[in-house]
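Dropping the structures in below, format is structure tokens.
Note that chain A is present in both complexes that follow, paired respectively with chain B and with chain C.
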Partner chain A sequence: MSSATLPRIGVTIGHVAQKLKTGGIEPSRRARLEVLRRIVTRCVREERVELKWNRAVEARPYLERLIQLGVERGPLDEYTAEMMEWWLPERDLIVKMHEVIVPRFAEIQSPYTSLYRLPPKRLQQFIQNKREFWKRYDIGILEIDKNPFPPVLSENSAKNEESPNLLNLLLTDALKNNLEK
Partner chain B sequence: MQTTLRLPVVYRKIFEFQGDQCYRQQFEDSQQNPQWFQIILRILLNFSIIFVKKYMEMKEKVDKVVVNVHTDDEPLPVLLNRNISTSYHAFNHLSKHVADNAVLVDVQPNIGGSYTSCVNQPLQDQATIRKIDFDSSEFVNLLNDAYWRSCALVTAAILKESLDVNLEFTIPNIDVSSGFFHVDVEGLNGNALSRDELNTINRYAKSFIKNAKDFEVVSIPSDLSDEVPSNYIVRIGDHVFPSSGLVIRSTSQIGRYSILHSKSSGIETVSVGGVSLPFSQPTSSYSWGLIVKNALTKYQKSSSS
Partner chain C sequence: MLRRSLGSLRSFSSKCKSEPQTASKSSNTIRKEANLVGHIAAFPEIYPDFLQSPVWNRRNALKEELERRDMLERRMNIDIPEFYVGSIVAVTSSDSNLGAKEHRFVGICIRREKEGLHHQFTLRNTIEGIGVEIMYDLYNPTIKKIETLKLEKRLDSDLSYLIDALPEYSTFDFHMEPLAHPAGTPIPINETKVKLKPAPWTRRWEIFGCAGIEDSWSGATPWFKRKLQKTKVNDYEKYDLVAAYREGSTLEHEVAVQKQIQKFENERHAAGLTRRRILRSAAAAK
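And then the complex of A and B:
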């Protein structure tokens, strides 16, 4: 049985595939999946991970679908078991998924994950002829909801989202009027 | 002894006249004047000769005043010229970056209550000043109002430079929540500007804003408030406008800007509306498109009502 009968996941699926650099693996479609599998595995283990923004964007739908399979079908479903086995190569993580993560979302609608954007980081790449080469990275936080860590957004930052600065005022009004049409 | 005054050009030229010769008739008789003379003429006709005389009294004496600039550590004392130096000069002692980013100033005088002033407004007394920029969490509504008012004034200046006719402007007080600003223009015989004309004006507006023209501000003394109908006089480039409130430091603080639409709002009056965002609040072209579309819809609705 495939995932065709599952409801649509509650996160955005990009129209253009993000380019994922496959360091250490020969570039191919398989290598891309390996990168995504690493991220999903790490995310299930750590529940909140900080990584490059494009990787977080790309991995989120896969993680979301994996949790959804657990919630909708349960551990006895053949397709779910196959997916869990592939995406989570470490056995203990499959147990964690079914016994810890999935029960959290039994009564909750998708999305089961959250994605936040951090300020870009500028990191030194290498030094050549005493000249420093720096590169700017967009950073994102991908997390499974209802994790035991402190919330990424504090109450104050939630208030900041409603800040009355000019851009916020105009954009909020524009979106509101756009939705009403 | 003659004292060199470091004031904006318009006011410096005013000081070069002798008070007894400041008669309105003499100005009107002079037909071949340079551009600054026409500006002075406009000020004198509109805002009374007393205003000029008031500033001429200051010509002979330039006092020094110590102003403390608020910093994260200790306040930085700066020696300035009373009624001549502005907060911008004071902030430059700290850093040019701080001075350029300042939009408004919170002034806490040694005597009296605190108030908010423009960055290019001369300082009058000993005080502690603190810059307010677009990232400040305080005074947000004040900032928004000042920005909206400044955009309306810039629109008036742009229209005046781009249209080869004598125009009179009225800057109405518009709330930011309305989503657009507008100016009422007299002198176009009630003919609204076409889309092509607005496109051309918008192209010119980009270069006008890019030139980083300062908003030079003089507040009207309370004893002249009966004669002058506004609180401030603002000069942008070669143009002088009355203003009912505070304005930003420079056109360089204006980011995305667009004049959207023009409509007849009376027999002689034409209203020109636009929308803008500060330079320090960048947004994607998609979001800007939503804001422009919303502003245009609201402006057109306001025209039909």
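And then the complex of A and C:
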């Protein structure tokens, strides 16, 4: 049964692959995979990483599928072993994947990862003729669930009670008032 | 009522996948469902016509549903046996312009492509020294009979390279007796490695990484070796997990389709119209 079809992954995924800036590597499909491999490797090692938003969005399904392969098929499967070997070039990470990360998600349905958006960062690029050049980056946090770090969102914000959105505030208050009546 | 609306809001937020912390705590239900239905492990290979399009923006739930109903109706009228790429298949189709009014062709199935009602398969045989390939639409109503003479697989899921192989690899006897496959045993894999004719070929088979070709490189003359040097090596593409996921089938879809087929069969059997079975797997049979 090991080669049987896998279930869907529980993350949003575009219908085509997006291009990524590959900084230094000549842009190609190979370079894109190389960038994603770095992200996936880093994410498995550190469990929570801060990235450019578009890269985090692109890397998340790869990480998710890799964990799913481990959960559904186990380390003995040929395809899984091949994929783990390529996506996690450091040997200790393959061991970590099978012995630490996969057991967390046994018998649990996807998603196994989370993605959060941080406020955009403005960074100074360079100064030319006393003019400052700034650039804005969209930042995201990609993490593997059930990691040992404190949660990104507090208990209240997960329940939508700390939302800065005026509409959310009004609706929560209105519902509360109605319940008290 | 408002109490209920708040309750439903909370229950929604506990399942919503866009809220990362509260999502992902449900147990694996689809596996249980697949076991319950008796999901056929080789479903994508036996029923490639029931899969979804690999191009996501061509998927249309309504179109797929309507086509599936037509396909099931057709399968109640004609027995479509299980066959794979590499199996030897005989197709009898009616042709009003022939004296005999029907035409039987025997050959090796080299390709199965497209989904839904447009599903096609191609048979190849050598007749009087000339290679002949016939592409049949699986749901063409002029097809009278499809028989699997020998149920087996090859090393590849696409045998298009037989067009450039020596003719002995695609020569099959038209009067071949059908070979019964013992139920419950796995489908045998024929590990023949074909020898290609000297280049030029119709396509550059050496860069596709076909497992069923024996050493295509050493037989080539130096002139072709220079010309056909490896330029487009893209063997890293197999590591693109998500590309494979986008093209592949999902368990959810297969289970849903299998349920639909079972329901359709049961309805027809209960009505006493037919005893024909659509859902069959030689390897999973008991």
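Note that the second predicted complex is superposed on the first by the 151 of 181 C-alpha atoms of A that agree within 3 Å, B and C clash if a C-alpha of one lies under 4 Å from a C-alpha of the other, contacts with A are read in each partner's own complex, and residues count from 1 in each chain.
FYI, contacts are C-beta pairs under 8 Å (C-beta built on N, C-alpha and C of every residue); 3 or more make two chains touch, one makes a residue touch a chain.
Remember, predicted model here, so these are calculated numbers, not experimental data.
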On the A-aligned overlay, A:G140 touches which partner chain: chain B = first, chain C = second, or both, or neither? neither
After lining up the shared chain so the two structures overlap, which partner does A:W87 touch, if you call chain B first and chain C second: first, second, both or neither? second
Touching A:Q109 in the superposition: chain B (first), chain C (second), both, neither? second
Quick check on the superposed pair: does A:R30 touch chain B, chain C, both, or neither? Answer first, second, both or neither. second
Return first, second, both or neither, reflecting whether A:N165 touches chain B, chain C, both chains, or no partner chain. first
Chosen between chain B and chain C, the partner touching more chain A residues is C
Touch test for A:L175: chain B only (first), chain C only (second), both, or neither? both
What residues on chain A does chain C touch that chain B touches too? 175, 178
What residues on chain C touch chain A, complex-wise? 2-3, 5-6, 9, 13, 17, 19-31, 39, 41, 43-44, 55-57, 234, 236-237, 239-243, 245-246, 248-252, 254
Per the touch rule, the chain A residues reaching chain B in their complex are 163-167, 169-171, 173-175, 177-178
Under the touch definition given earlier, write down the residues of chain A that touch chain C in their complex. 1, 3-13, 15-17, 29-30, 33, 61-62, 65-66, 69, 83, 86-87, 107-112, 114-116, 145, 151-153, 158-160, 175, 178-179
State the interface residues of chain B toward chain A in the complex, per the touch definition above. 134, 137, 140-141, 143-144, 147, 176-177, 179, 275, 277-278, 281, 283, 287, 290-291, 293-295, 297-298
